[in-house]
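Next come the structures, one after another.
Two complexes, one shared chain (chain A), two partners (chain B, chain C).
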Partner chain A sequence: MKLRRRQRERLSLWLQYLAFIAIIAVVIFAADWGRLREAFFRVDIIESMFPTIITVALRNTILYTLGAFAFGLVFGTVLALMRLSRVAPYRWVATAYIELFRGLPALLVLFLVGYGIPIAFPEREIPGGVFGSIAIGLGLTAAAYMAETIRAGIQAVPKGQMEAARTLGMSHFTAMRTIVIPQAFRVVIPPLTNELILLTKDSSLAYVLGVTAQTIEVTKFGRDTLNDRVNATPLLVAGFAYLVLTLPLSQVVRRLELRYAKAR
Partner chain B sequence: MTTTQPRPAVEIRDLHKSFGPLEVLKGIDFEVGHGEVVCVIGPSGSGKSTLLRCVNLLEEPTAGKIWVNGVEMTDPDVEIDSVRRGIGMVFQSFNLFPHLTVLNNLTIAQRRVLRRGRAEAERIARDNLERVGLTDKADAFPAQLSGGQQQRAAIARSLSMDPKLMLFDEPTSALDPELVGDVLTVMRKLAEDGMTMMVVTHEMAFARDVADRVVFMDGGVVVEQGPPQEVLGAPRHERTRSFLSRVLDPTHVAQLGQPDQSPEPPQPPRLPADDRHNL
Partner chain C sequence: MTFQSAVRKAGLIMAIAALAVSAGCAKKDEGEVQAGGVKLIEKGKLTVCTHLPYAPFQSKDASGKVIGFDVDVMDLVAKELGVEQTIVDTPFEGIKSGQDLNTGKCDAAAAGMTITEERQKVMNFSDPYFDATQAMLVKTGKSYKSLDDLKGKKLGVQAATTGRDYARKFEAEKGLKLVEFEDLAALQQALANGQIEAAINDLPVWTEYIKEHPGGFDVAAEFDTGEQYGFSVKKDGNPELLKKINEVLAKAKQDGTYDKIYEKWIGKLPNA
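Entry: the complex of A and B
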């Protein structure tokens, strides 16, 4: 019997579904759920982590992330403008910086900032204490990435926009600030959100600076609880805490993109 | 001020401009008087847009001197931002700011450059929107306008800065044919109001009706110039004649590329019937 094209396609699709379901079934039935639950899902441990995981750990994760993002955004914009500058030394410095800091692990940079700056400037303190160190330490790396994204965004704005602004008598700086950069940021919102999500997770590196009970963030909190209770449940809770941040973020970005699409 | 100014609105002396090895302008001498409307025509690649863009220094001249309203633009120490306030420019591709409403397109430079207050800037913006017939589009975004409306908004944006001179760089070339008329009407009104205008255009009827003087450029030089009736109606130069015949009679390609070998001299181009000679 010869099957028609649509029948063949339907049959093939059903076979794929079956295979998929079979794999899931094997995982579900073969796994030892009792031991898994014991190791990763102890309700009493989950309960014991609240409310601290929200009021302290998640709060700090958000603060560190936003601090690093804000620092990276400002510094990254400066770097992007330097890379596009007519002044050759600015371009060299920016290019060297970007290449260097994209190549270094964020952990290392954070470590160097957290311990190097206090040694270099013993009289002064990094403003904001641990928060400041993390914002700068992670922001320095983030800036290198964001600079390239923002530069691409600025270059995506048609040349006529700058020309129109300049013929109206605006200085190069004013034209950049009021005309070009606002349009560039619309272009780079999706990649910058990506950076924000990456930073959310990189904020877990804060532990190298030796955080206290007050400055602890989600991952460190999860690991400490893990060590206390000799059980992996806290890691699952920590992972869930990150998703609580990152999933809505994607949603917000989708909204923003829609809103800006109107004005494009 | 206009009565006592000894110099013309635009004065260009021996202007040269090269892009790398390519010499686009090969020694241009050129003037625009106060209140004069000059149309620059010529084939693509003739350097007419480059000439226009040199006037407000969007292109840096390679050699030569340019004065606008008595200020030497080619002086390395010229305060370029302040001189440009007096020179409006309209682009082929409109170049409205897409992230701002039409009203804000018209107010942003007034506020940032001229330091006008919000109320004053908006009043002037609305006056100019009325001038170009876009009163009801103040709160629209550029993307919501047709090409013709965008170009009129762009003209209004320039006018909001109270320029003494307006430059037009092929303002209707990117428009659908049925939208060209609205833009040209606005420009004609501007000319009638006494604005000094330098217009690079392919609209021969507009040049004939509105221009005080038509300049024909080809190959980086001014080939001939004069009143529109002369340059368009009775061109003296062969290059002008062949250009006009190609523009006005585009399907007639027999002389293309070898006009001199044509057995008969090319016919002077026939313009559409002209009932506005005294304009």
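Entry: the complex of A and C
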């Protein structure tokens, strides 16, 4: 039987679908769903986690994330400007910082902030307690990433903008602040939102600092409930709690990227 | 061969490969490796799960070797089976939830672990091998004598431990502010830093810590909770190993080996 080209194409496509379905079917039928449900989907445990997971845990996750993001954004912008500075030592310091903190695990930085600062300055406290430590601890790492993103954004603004602003008599700083940086941020909002998504998940590292019932965040809450109930269901619930935050954020990124593509 | 037929073949091959792989994923039968009538997950090895550090029961010495009370006792079991003990350091949650044993990560768990009803639901415990009490450690010079003195103060506990559960019970009643730490070392550091006012954990752990930091810390209170430590194996999964552990424990208690280990790690025997 000789098939025409179209038919052959369609047949091969169907075979691929079949292969795909076969793979999924194997996974579905081979898995032990009864035991999986018993281990990961106990409705009574799910119910017991509400509303605390929202009112305390998710709220803290959001707070920690925003704190670290705000710290990282401000500090990252400063670093980006230093990287682009005409003053050579500024450039060296910023480059060294970025390379160092991009290379260190966030967990380590957080631990150093949480335990190192109290040792170094026994009479002082990081303002805001756990929140402050996390904002700084995670923000230090985030700043290194954000600095590179923001630097790329600033460099993407055409040189003529700065030149025109200077011609109008603006100082370098004013031109930077009012002309270049606002345009740069339009470019970097999508990648910065990605950073926000990453930080949402990094906020789970808060556990290294020691958490109280008031400062608990989603992952630790899940693990705690796992301990109390000796069942893995809480971890699944915690995972969904993150999706509630990160999925809308991904949508925002997509929208912003589209809008930016149109505006160009 | 045309392009389309190549794609078609690729699709078919993929389907077959996927089926083959999924069939090949099947775990080899348990009980394949035996030693002295006991099945082990790895040949010639008694794999033991623990969470480090938990001196004097298990901790690393200067050379990185894991040593301690539990290690010595499990070594007796390994010797009896004619195998070597290997130790896996894993989060305590995995141990106490029974998952490390269920998933075949370890043959047994030896982690200074208290026998509790909850835990007995997910694993089988050996006979008790150690009587533990909970104790509260404070920095030398602090005047806290009981949980009542800690109203509104920060009390550190270690995640997933019985000490944490004990403190939890009194959290509301005594107005405690519980701070939960992942590791014993983090808990100790937080106490040393003054991030918490007191810390609760098993007494032998604090005794060991005071020994290493003389003059810095005091046990302010002891709570006799009637706790006993046990080793554990997979729930209904390895009765032979459990039997062997109990035999070794009984023998060691009889011939004085247990006392020797006790004196080496803990100090003088109670009521001795």
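Here is the rule we go by: the second predicted complex is superposed on the first by the 253 of 264 C-alpha atoms of A that agree within 3 Å, B and C clash if a C-alpha of one lies under 4 Å from a C-alpha of the other, contacts with A are read in each partner's own complex, and residues count from 1 in each chain.
One rule holds for everything that comes next: contacts are C-beta pairs under 8 Å (C-beta built on N, C-alpha and C of every residue); 3 or more make two chains touch, one makes a residue touch a chain.
Here the structure is a predicted model, which means the values were calculated and not measured.
For the composite obtained by overlaying on chain A, chain B and chain C can both be accommodated side by side without a clash. Looking at the shared chain after the overlay, A:Leu66 reaches neither chain B nor chain C.
The wider contact with chain A, measured as residues touched, comes from C rather than the other of chain B and chain C.
Contact with chain B, but none with chain C, is seen for A:Thr174 once the two complexes are overlaid on the shared chain. When the shared chain is aligned, chain C comes close enough to touch A:Arg223, but chain B does not.
With the two structures brought together on chain A, the opening angle seen from the C-alpha centre of chain A toward chain B and chain C is 160°, to the nearest 10. Within the superposed three-chain model, A:Leu84 lies out of touch with both chain B and chain C [touch as defined at top].
In the superposed model, A:Val56 lies in contact with neither chain B nor chain C.
Applying the stated contact rule after C-alpha superposition, one finds that A:Arg186 touches chain B and leaves chain C untouched. Contact with neither chain B nor chain C is seen for A:Leu249 once the two complexes are overlaid on the shared chain.
Once both structures are fitted on chain A, no C-alpha atom of chain B lies closer than 46 Å to one of chain C. Chain A uses no single residue to touch chain B in one structure and chain C in the other. Looking at the complex, you find that chain A touches chain B at residues 158, 160-161, 163-171, 174, 178-179, 182-183, 186, 260, 262-264. Within the complex formed with chain A, the residues of chain C that make contact are 2, 4-5, 7-8, 11-12, 14-15, 18-19, 22, 93, 96-99, 118-119, 121-122, 154, 156, 159-160, 171, 177-182, 186-187, 189-190, 193-196. Note for the complex: chain A touches chain C at residues 5, 8-9, 11-12, 15-16, 18-19, 22-23, 26-27, 30, 115, 118-119, 122, 207-208, 210-213, 220, 223-224, 226-227, 230-232. Within the complex formed with chain A, the residues of chain B that make contact are 56, 58, 81-82, 84-85, 87-89, 91, 93, 95-100, 108-109, 112-114, 141, 143, 154, 157-158, 161.
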